[in-house]
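The structures considered in this document are given below.
Across the two complexes that follow, chain A remains constant while its partner is chain B and subsequently chain C.
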Partner chain A sequence: MKKALKNPGVQAFVASVICIILGLLIGYIVLLFINPEGAAESIINVIKNFFTWSRANKKLQQFGNTLSKTMPLLMCSLSILFAYKVGLFNIGAAGQYVAGSCACLYAALAWGWGWLPCMIFAIVAGAVLGAVVGMLKSYCNVNEVISGIMLNWISLYLTNTLLTKVKEVASPYTMYIKDVNPSALLPNAGLDKLFNGNKYITIAVPLALFIAIAVSIILNRTKLGYELKATGSNKNAAKYAGMAEKRNIVLTLVIAGGLAGLGAAMLYLTGYMRWECTQSSVPGMGFNGIAAAFLGGLNPIGAIFASFFIQHITDGGQYVNTNFYSSQISDLISSVIIYLCGFVLFIKLTMTGMINRSEEKKLQKIKAASSEGGDR
Partner chain B sequence: MEPYAIEMLHITKRFPGIVANDDITLQLKKGEIHALLGENGAGKSTLMSVLFGLYQPEEGIIKKDGAEVKINDPNDANALGIGMVHQHFKLVECFTVLDNIIMGVEPCKMGFLQKKEAREKVLALSEKYGLKVDPDAKIEDITVGMQQRTEILKMLYRDNEILIFDEPTAVLTPQEISELMQIMKSLAAEGKSILFISHKLNEIMEVADRCSVLRKGKYIGTVNTKDTTIEELSAMMVGRNVNFHVEKKPATPGDVVLSIENMTVASKVHKNNAVKNVSLKVRAGEIVCIAGIDGNGQSEFVYGLSGLEPLVSGKITLCGKDMTASSIRQKSILGISHIPEDRHKHGLVLDYSLEDNLVLQTYFEPQFTSKWGFLLRKNIREYAEKLIDQYDVRSGQGPATTARSMSGGNQQKAIIAREIDKAPELLIAVQPTRGLDVGAIEYIHKQLVAQRDAGKAVLLVSLELDEVMDVPDRILVMYEGEIVGELDPKKTTQEELGLYMAGAKRDEVTV
Partner chain C sequence: MLLLIQYTLIFSSVLTLVALGGCISEHSGVINLGLEGIMVMGALGGALMMRYLGTSSALVMVLLVVLAAIVFGMLYSCLLGVASINFKADQTLVGTAMNLLATAAATVFVKAINTAANPDDHSSEIEYVRARKMFITNINGFEFNWFMLIAVLAVIFVAVMLYKTKFGLRLMACGEHPQAADSVGINVYKMRWSGVLLSGAFGGLGGICYILAGVSIWKFENGVAGFGFLALAVMIFGQWQPIRIALAALLFGLFRALSNTYVGFPTLASLNLPGNVYNMMPYIVSLIVLAFTSKTSRAPKAEGIPYDKGSR
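Let's turn to the complex of A and B:
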């Protein structure tokens, strides 16, 4: 068991599980404080999410909803972990995601493009935003966190302005794609039938999973990954070795931006959600991606499960009993849990330290025992 | 007999797969300067970490003034009066000298700093031991020697009785070294006990009373420096007799490989140029050494030549090809190998495995990368194993070892293996033996001579006088960014070389 715990993969997994349990526990305590009566039931509902439904086909359909929203989150977390491996903290993923939303919705609603060009346009929009951050970073030495946050807001208000042109007259929401231009909806490719006809299950699901695997391969098996990680780990050595370290930084953020932009297309082109043109905060998807990336142990495959879990409890929040709690409580609980998910690295470090210390003590005991035996 | 100031008795410390300290005993008398000598990886750092409570030994005890003590963390060590000057200083660059000295033990009244008191104590200490510092100067503005004196004052301010100096001379100029030696002697005369970690034998002979030697984690012995010789010490350290002189046949210079014309490189620190109008030639089959005191433009010269920094003006020709505007990658492909000055900053990606570091400049070649951009892991592994075997690079887990966990000497061997195996036309070696022990130095010098004998051009940049006199066939002295003299190592003396290096003498050099 000890031996298994020393394996970094196992360690990452255990650390993630500990974080999840801690998060749920603290969430439960918060509920207890607000109103002890419904706390147990509500926290169980959060964990159960779609299992709360008793009918099997309803369960399946709700599961489909969670799954379809997992994919954009997965893209954002891939965006963050990809940049993180290259030593960059892409907090601008949120803004790149917004730019992607803007691009695909505008192309779909105003220009009547098909789904594929809309999707590609979203990738390009995210990538352009990433390139701006990357160029500021490598040529002007502007910290990517600062410029990323600034661009988040710029892209949010730009998006609000642009999408007002394609919004419904009576509401702040953009028009339905299915009414205006059904060709822009992502094809279901028969996958909806697996989820009791949930039409939001599209090719985005297999595509996102494929991209997660591709990111893993690029980082670990290719020349590009080798160069990018070298640049991230030691910029000077990368330069010394003749790698184009400035270009690599820009390229990384272009790829990261593209991933976040694609994530937006994977949500809005299913028709599951519409853009609210009066919103005054950057959508949480990009920020939740940070938590998902860390909860997944900064591993693209781990990110798949972490993203699903985070989306699962976010959706589970709607099953909190509103007789006892106000409706915002669901956001509060899920954000407490997501917040705790960011502690994975800390828990991992503590764990390694504890294992080492206990091993040392054990060795000392064996030593003491054997030297006593030798004296006799 | 008076008890020892500090005793470490039969210390054994194991790490997975290695015994870092194997039954080591170290006894430090009150008021003595005790040298701790050993190659890289001999276990000196581990032993000091044990003394500071960073590691707990599996066996052995520590005694202070004859009584057994338990040191669980550095705070315990500090409370026992043990202080250390690290090789890389632990100073806050943007704080003043005074602030750095009192940091952590600031005298306070009602939460307000009492700097006046502190200043008086610091000034008194600095007077008493001849430690000249300006308490109000910022660390980033003062010389390395003064930074070191600040570190020493830090220990004295904390009333430490046992002072540990970890390779203190590695960063100093010759003058600063002799000043430091004086300071150490006066500290010992005042009753402080000093542990001096070094592998510079002549310094140990000069300043230490006794010397304990470690080799490969084992305790070899303790000798009085009065009763021993440099040769004996080095044999104890390395386990065999070391040849201090580089054996080489006379050079047979061939065609010009590298030709530099009027190269000027800007300084990063100052407004003026660090390298001014330098011209030189290096031929096949010769070793040319650029000598000089640190900070006279040698680093910038190499940065300019290798492409790490842009040139202000000048022309670089390699084997008749103009490569002034070539990228670092192009230069590398066309036959320049570069053993960098700072192996951690430039030479290695420390978080990468040894094998990944061995292909740092060749990973893109068809041998290591497939047509589709995938790394050919099997080929990389085989190539790494070949180099590790051929150049005797030692590490815990072979090619998969993280570079960070390797000893300095083996990191340097890995870089040398990588650079030489590229079969360059020109090998630039910048302080290739810095911080290495005599065994590794001997090995590296042999490699440089072997490259020369194989008909390659070797450009050596060195600050070590012994190296400058022994290894090259031609010496060029750099002073304030200019070449001020060309010397023949067989005909010149260290004294003459010193005059050129200090700028007291200069010739018009036309190459």
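Let's turn to the complex of A and C:
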């Protein structure tokens, strides 16, 4: 038991579980505070999400919805964790995601491109935005957080302006892809049959999982990953060892931007959502990606489960008793979880400290016993 | 034209107040990315006060609303203080979480009180038409807002505090070289806490000022639409110095005001640019300026690094 707790992987898992439990507990307390009657039922519904449906078919279908929205979130969290491993906080993932949405929707609706070029265009758009942040960082010394935030807003307003050209006349939403250009919808490849014909389940699901594994391999098993991580831990040492540290920073943000842009394509090209051209705030997907990345212990495989969990409770928000509560309670819970993730380092240190202390005590006892024996 | 000046001044006041908050916090060594969230909380505090205060004289109203915003902002900034000073958490992460949390919490809370008052009301809005009038004096069509005066006073106050008092100089020492400050007997943790709390107060003040700027009803689901981040850009543009921050805020405020009033100018309206272009302007300008000025940045040297007594 104690040996297992010393393993960093296990520690990360335990710390994440502690964050989740505390987050849910705080959510429950808030509900109690608003209205004690029905609080327990509502928080359980948030946790159950699609399990609240009694019919198996419906359950499967709702599970599919959650799953299809998990994939863009996973891509955003991979974007953030990839950059974080290189010592960069890619808060610009939100903007790169917006740029990706703009690119794929515009290509699909205005130019009538097929799904693959649309997807690639989204990746390129995100990567270009990432490159801007990277260049500003490495050549002009601009903090990536600040330039990322600026670009988030620039890309939001730019996207609103551009996508207004392909919006419906009567509503602020973009046109349906399935009406205008069905060839831009991602293919289902038979996967929809597994989820009771949920047409939003597309090749995006296996693709995203594959990319998560690929990111894990690149970071841990390749020369590129090693160089990037070395640049992150000490830029000057990396330069001294002959690595192109400026190029590495730009490259990292290009990859991170591409991941976030791809995430947007995975959502909007399924037709699940349409862009609202009067949006006044940057979509939360990129920010929730931060939650998923940290909750997953900054591990690509952990991010898969963490993304699913975050999306699961976000969707669960719609099952609260709306007579008293609002669905934003799940936003509240996930933001509390992100906040608590800040304490993960502390939790881990405490765990290691506790184990070390108890081991030391045991060692001293043994020593004391043996030295007593030796004296007599 | 008068309208443009009025909007410029009020938006600059918001930006000045919030950027000063960020400036104090960063001088103490803590990056406050949560300013956006602090603004939301300050706005919430002030709005609640306006909703529940009932009838009272203008002076009492203004004082109490300002006080409520400051208190809410300070209380909320404690989240940043605890995490980043006492538990050495990643300040960027905590700040981001605070921004998300503030909007979510304010929405949940306002919706709950609206629904409690009227079961059919599921909106996240607070209305304050009557209270808003008390903050505004009309001078020949120019709406003078008391916050414009408060912002000017705040600039003077912060400039004097940072450069002319023992407290301010010690605070800045903690952001430049905390180990050196500690070695001469300054309590770094205490100084950083005061920096964070002061930034909470200014952030909260900026928040209430923002929602009182142009409208008499606020929808808390929208947060404060990126003004906290814009204030951070103002702070960097102003090179962490109060007077320069005020000037930078004027410039940014002008662009922001243009996006609200450009239709009133025949020359600008004839360009037929979408309103979004003016919305984008402050961000684009600040990016370009940052690109040119960041090489010689005057940022506090130890900002963002948690202070650990054990490490030298």
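Here are some notes:
One rule holds for everything that comes next: the second predicted complex is superposed on the first by the 331 of 376 C-alpha atoms of A that agree within 3 Å, B and C clash if a C-alpha of one lies under 4 Å from a C-alpha of the other, contacts with A are read in each partner's own complex, and residues count from 1 in each chain.
Keep this in mind: a residue touches a chain if its C-beta (ideal position, glycine included) is under 8 Å from a C-beta of that chain, and two chains touch if they have at least 3 such contacts.
Keep in mind that this is a model prediction, so the values were computed, not measured.
Of the two partner chains placed by the overlay, only chain B lies in contact with A:L363; chain C stays clear of it.
Shared-chain residue A:N234: touches chain B; no touch with chain C. In the superposition on chain A, A:S216 contacts neither chain B nor chain C. Contacts of A:Y325 after superposition: chain C is touched, whereas chain B is not reached. By the document's definition of touching, of the two partners only chain C reaches A:F343; chain B does not.
Of the two partner chains placed by superposition, only chain C is touched by A:I146; chain B is not.
Once chain A of one complex is fitted onto chain A of the other, the partner contacts of A:L158 are limited to chain C, with no touch recorded for chain B.
Set against each other, chain B and chain C touch different numbers of residues in chain A, with C touching more. Every residue of chain A that touches chain C in the complex is listed here, in rising order: 30, 34-35, 89, 91, 136, 140-143, 145-147, 149-151, 153-154, 157-158, 160-161, 164, 280-282, 284, 287, 290-291, 294, 322-326, 328-329, 331-332, 334-336, 338-339, 341-343, 345-346. Taken in their complex, chain C has these residues touching chain A: 33, 79, 83-84, 87-90, 92-94, 96-101, 103-105, 107-108, 111-112, 115-116, 119, 122, 124, 221-223, 225-226, 229, 232-233, 236, 274, 276-277, 279-280, 283-284, 286-287, 290-292, 294-295, 297.
The residues of chain B lying in touch with chain A in their complex are 14, 56, 58-59, 306, 308, 327-332, 338, 340, 345-352, 356, 360-361, 363-364, 369, 373-375, 377. Chain A makes touch with chain B in their complex at residues 221-224, 226-227, 229-230, 233-234, 236-243, 360, 363-364, 367.
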